[in-house]
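Shared chain: chain A. Partners: chain B in the first complex, chain C in the second.
Our next item is the complex of A and B:
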């Protein structure tokens, strides 16, 4: 009773998390990646962020998110993706706000596409230069632009596949832990079977089944194979909490099993479950880039960091195809691992007591 | 004990049946068949005519008329007679193929596991002894960074350094394969050549597990160091290293020993990615190739082996646990 207001569990955990500089640095790095992913078309691209053409305002850069978002008028007027010259020629009164970095993630920039700018070098001549800070790949596509646009994939893979894995894992674990008996027997057995098949074996087999691999299917596959650890942990937490007094009280008050599981047990079990989910995000990003690296990823135009590494394998003299995307993957994985560790230290009371 | 083993055995059989059933179903439902994939990729003109395909499919017993679960039953029947079948693409019995690949994989993973233990245990102890000091924090951070470093990125970095930048110097290391020598080379040069080829794969496989193991050891040591008996040992005047080794480390052996059991599948199963990057002729690469070639018998043989190893490893871990900790009983 020292008079200071008592904080909730999460506020307390956040306070403790904030004290760890490395974990905070990792968190801001992920924030930076989110910003890069959202602003990717404005950072690197050859399509104007905003332009006025024939009296109307357009945002052609949205075409990088989805082809259908690119205004039809530019296709009709036969721009063929080359905006700077065409804008000037077809409407001298037009103006445009350009991306910070004039390079395209899907094609090589030609000579004078931007007035006075040389064409991208291709093959092993594309070493880092002023025009291409991270170099270009075999076909002359800029590596930095590819990496900026590949950030979306790296982030989505982590969030979506762990979202899937977390959902499956929590449902399976919660059912087994709460109901026990034959339900537990069944769910534990299923978990064990999935656990026994080496992850990469299962994923490679699943990816091979999918006829046309897309990034979404890869995410779904990673999610559907990565839930076992979460399920086991959730089961343990539910098993522990279901006999606690507050659950007994809720049951006495007439709450149904679903309500008890969702409203009473899950919020109390969430902290320890979040830790493996965060580590799982790192593992999922690693898995996606390994798959792309092995050539099992989505087909070429899709920009993923792992596929850049794959293209480096045919010519190792192009070291810039390894160093930059490799470092990006490494830093992202490291960031998520650090966040997971910070979360663990901030929420696990056993570790907290150890520090005293 | 006997009843426990029997129960474990039957549970393992059920698990194995489920795993092989699922993987067989997956394998048979992949687009393409061993006949079309393999020949079509090498040379489009060598694609089989429809009649030839039908004829071959009948010979191999993979025609579409019989559903895949019948094929699974056939595979299971052959397995019961100790026959894993013949590889479609390599025209060799699967057991021979696996036998050929175990050696190279074990060479890399065995040495790597040994190195890991030899370095990780002293490192973990050192980190506990110097816990909280600047040099311990530096080492721990470095290990953590290493742990997050993706193997395939590290492998590519090493390849660029040792095979491209250092080409022509005496530090150059070979990029691919296990040996460049003809089969009739005498054995000392052969051993030296294989060793040179194995260095990079071994380094890649070691550094990740090294980081993981030493962190694991340190975490366990910290847990033990908080126990009352450590305080007692200190109070009675035992030296610092004696407390660390004799009183604390011995008690962390239990989780370590179970870890040894769980590393069994990786020891023989190898790493798909490392073997693929270095074209090392091991089990992981065989699995990768068999998936690409839709070589059903090989996929199944390897899956069966991986799963048996995983289950055996778990059993071994549990048994070792009882062995090192008499308080725990299998019943």
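Our next item is the complex of A and C:
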């Protein structure tokens, strides 16, 4: 957007945002979570991050992202998921770079899987220890590994579902606000109808019908039902801006409706819209955790913070199943809320005035 | 989902119910399919675990009844003349138990048993020995009330509608019946209601003479006509009977010759006839006029009123019912005394209050607080939450083997599991030790097949449960043609010209233990190049999908019936509960023969052979036998476990008592 007036606006907003320590801390926290999600297999896993085997380099840890990315040679050579001993036995010249924590998010680590290490404790004996900094669940699965790999789900749920919601909300709101008349009538009524549908109930119904419930479908539903607030705000902004001078100028210059909406109104309306989106991300993360807590989350054995909380229900004495994932959910939701608040104050001129 | 189901793991079989059901409803004993741990598919099962939905909803007979041939009973005099009658046992479960206990040595005193913590087989035996004793004269508090726990509410208080475990628990105490079975599951006629029971030498007739001192709760006498009437109602296809029709449909007819003499006519001399004549009984004088107008037995105003306060023939009657919360039963005075004369022993409790609590965590809190006096414990609760003073202050706990087993079922009609070698590979792939030690807290026993090793129908030479052996599993898969041809790490096979990867889904109910077991299987299969997706579903969905055979694999379990023939509808070609589409002509034939064979030793041979064939064919990967684990208030005494748990046989609940303060 060369030379467009909003350029200066965003730079100004960022300057103001940076002055707010809490909002900056929240932003760094989210940045940290993104890093954890991307590096999850290198932080906790039982597959080498990188290894040299029979003269070639492999990265078996990619299997954590998608099972198909795990090199086939290890299946062919009957590694059976246990790398440390097999690498040594089948190719004494091999070497490997291991994840920081040798723990798996989907299963319990067996005795001697890593030479000399005992099996993970199970039942209620898995208190936090040197091997399992956050303890293990009833079945011996490491809580830290589950949380690290669950970060991906938490982040994806927030970004993807709000991406969908934002897209739908902005389009619907923009059409209604800009064109007015019967278009506005129609989009407003649709928005109201969708508002009446309780998301949680819809998702529960979906899980019962769909053949393979996946986290993607859950995200799609959260997105497809969560756009109403955004649509209303967008409509309001478009209503306000469409009669402003710069829009009239653009129209006079012969710009079509699409161009006016996208190039002239949207950039100016974006700031207030971003705020509900950030809050929406926080709400989506909470929603996913609630679903997992109720047992409707991603299919097992997928790691998710909410499902960890759920496993604590049957034995509250295992405090580490409550405290660690609970704290993670709390901090993440708090971070998004702080970012939303920071954005609001950095971009809303009225609030800015009040602060002065 | 945990939240809905209460107890944890179990599934039980409803077939159990069907036959057994019948079996239980008797006088002092109640029966219910068991309930306990919450297992999965309720598919099958006895409603155990899950709260209310676990029901055996399905009618066992086809919706469209074949036309029954008209039946014209001969005169009794002709019958007696033409028949050689053989006397059958008429017994009182309580008397049998008392006699058995007189022979046993007490392992420790009651006071000592109450201080013990049940942390070993040894202390468990001591607790059962000392606290399982029947009371000496005057020792029991006959005014006491016991607060029992059930997982779900009653669907109906009408005894012929019985099907869930809660209904067996409650209707077992209020229902009237002629037959029962003891701790060893051997059937007998109940001495409380029957004078004599005879079977014809050809096995085609059963004649029962009833006692003349029996009355319904409204004071009318209970007669043989009530029984014949009940048979008519149960067999009418318009009446939506969920479970008890299986069994009675094997009869030719039931005829009351006078008020006390009733004869059951069989189509064939079957070993299972003794179970088929055992069905719940309705008061004829109450339903005679109403049932024809409203065959649903629940819609008309009269039936609605009866549903709320039924006329019952058992030792207890329902005095209060708050839906979803509690049901209170009170001892009927006209059960033990008729016309002011004492005619039979009165039950030990004056009142039995059933508290309905679905969530196992909540019920454990209620037990600790003294609000309930007994409950089934989950393995996790047994091991980690009932070991401290908080629990032992008011309660103690006990366990015993129970005939409830769990399995992974492989749908033989899916392209993956038609080959026996593949099914065996599945069984060799599973990590049984990890499951038993870690997931099941070391509390359950390995399982090799249908019938428990200590039952009379199991093979003499014990079958060894499968052990994990990934090399054998891989070799079997290679042999069956499942090899990774396209180098994607997943085994595949060309079927109808298309390369099919070995990737399938397994259904299980939303219970943590079941999901954990499936996830373990997933990991095991992953290691040998087979992908399995775990798909937890609502128990009703699971039931539906398995009944329609729309699945590739599922996690399920069966409670054991009282007779091995009850498993026929799991294994016979095309049978109702043969979800995995298993078909083996030899098994079909052995079931037929087993039913006709009246000599128990020879019969046992047939069923043992079935077990061996199934072991070779592995239509299921058998996982474990689930024991009974119960928490009891320290005030409760007299619990004795059978293979069907502590309650569901005779005397079962009838042997429980509380000492006077």
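Rule of thumb we're sticking to: the second predicted complex is superposed on the first by the 336 of 356 C-alpha atoms of A that agree within 3 Å, B and C clash if a C-alpha of one lies under 4 Å from a C-alpha of the other, contacts with A are read in each partner's own complex, and residues count from 1 in each chain.
To be clear about the criterion, contacts are C-beta pairs under 8 Å (C-beta built on N, C-alpha and C of every residue); 3 or more make two chains touch, one makes a residue touch a chain.
Here the structure is a predicted model, which means the values were calculated and not measured.
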Item to complete: With the two complexes superposed on chain A, say which partner A:123 touches: chain B (first), chain C (second), both, or neither.
Response: second
**OP:** Please work out whether A:317 is in contact with chain B alone, chain C alone, both, or neither, and reply first, second, both or neither.
**Re:** both
- Task: Could you look at A:76 and tell me whether it touches chain B, chain C, both or neither (first, second, both, neither)?
- Result: second
- [ ] For A:309, decide between first (touching chain B), second (touching chain C), both and neither.
- [x] first
Is A:192 contacted by the first partner chain B, the second partner chain C, both or neither? first
First, second, both or neither for A:224, with chain B first and chain C second
neither
According to the stated criteria, A:294 is in contact with first (chain B), second (chain C), both, or neither; which is it? both
Task: Identify the partner contact of A:330: answer first if only chain B is touched, second if only chain C is, both if each is, neither if none is.
output: first
Touch test for A:38: chain B only (first), chain C only (second), both, or neither? neither
Residues on chain A touched by both chain B and chain C 208, 294, 313, 317
Touching chain B in the complex, chain A uses residues 22, 189, 192-193, 195-198, 200-202, 204-206, 208-209, 211, 282, 286, 289-290, 293-294, 309, 312-313, 316-317, 319, 322-323, 326-327, 329-330, 333-334, 337-338, 341, 354
So, in the complex, the side of chain B touching chain A is made of residues 14-15, 18-19, 22-23, 26-27, 29-31, 141, 144-145, 147-150, 152-153, 156-157, 159-160, 163-164, 175, 222, 226, 265, 269, 272-273, 276-277, 287-288, 291-292, 294, 299, 302-303, 306-307, 310-311
The residues of chain C that touch chain A in their complex are 1-3, 360-361, 378, 380, 383-385, 434, 438-439, 441, 470, 474, 484, 487-489, 505, 510, 512, 515-516, 518-520, 522-523, 526-529, 531, 533-538, 541
The residues of chain A that touch chain C in their complex are 67-68, 70, 72, 75-76, 78, 80-81, 106-108, 122-124, 138-140, 208, 212-213, 294-296, 299-301, 310-311, 313-315, 317
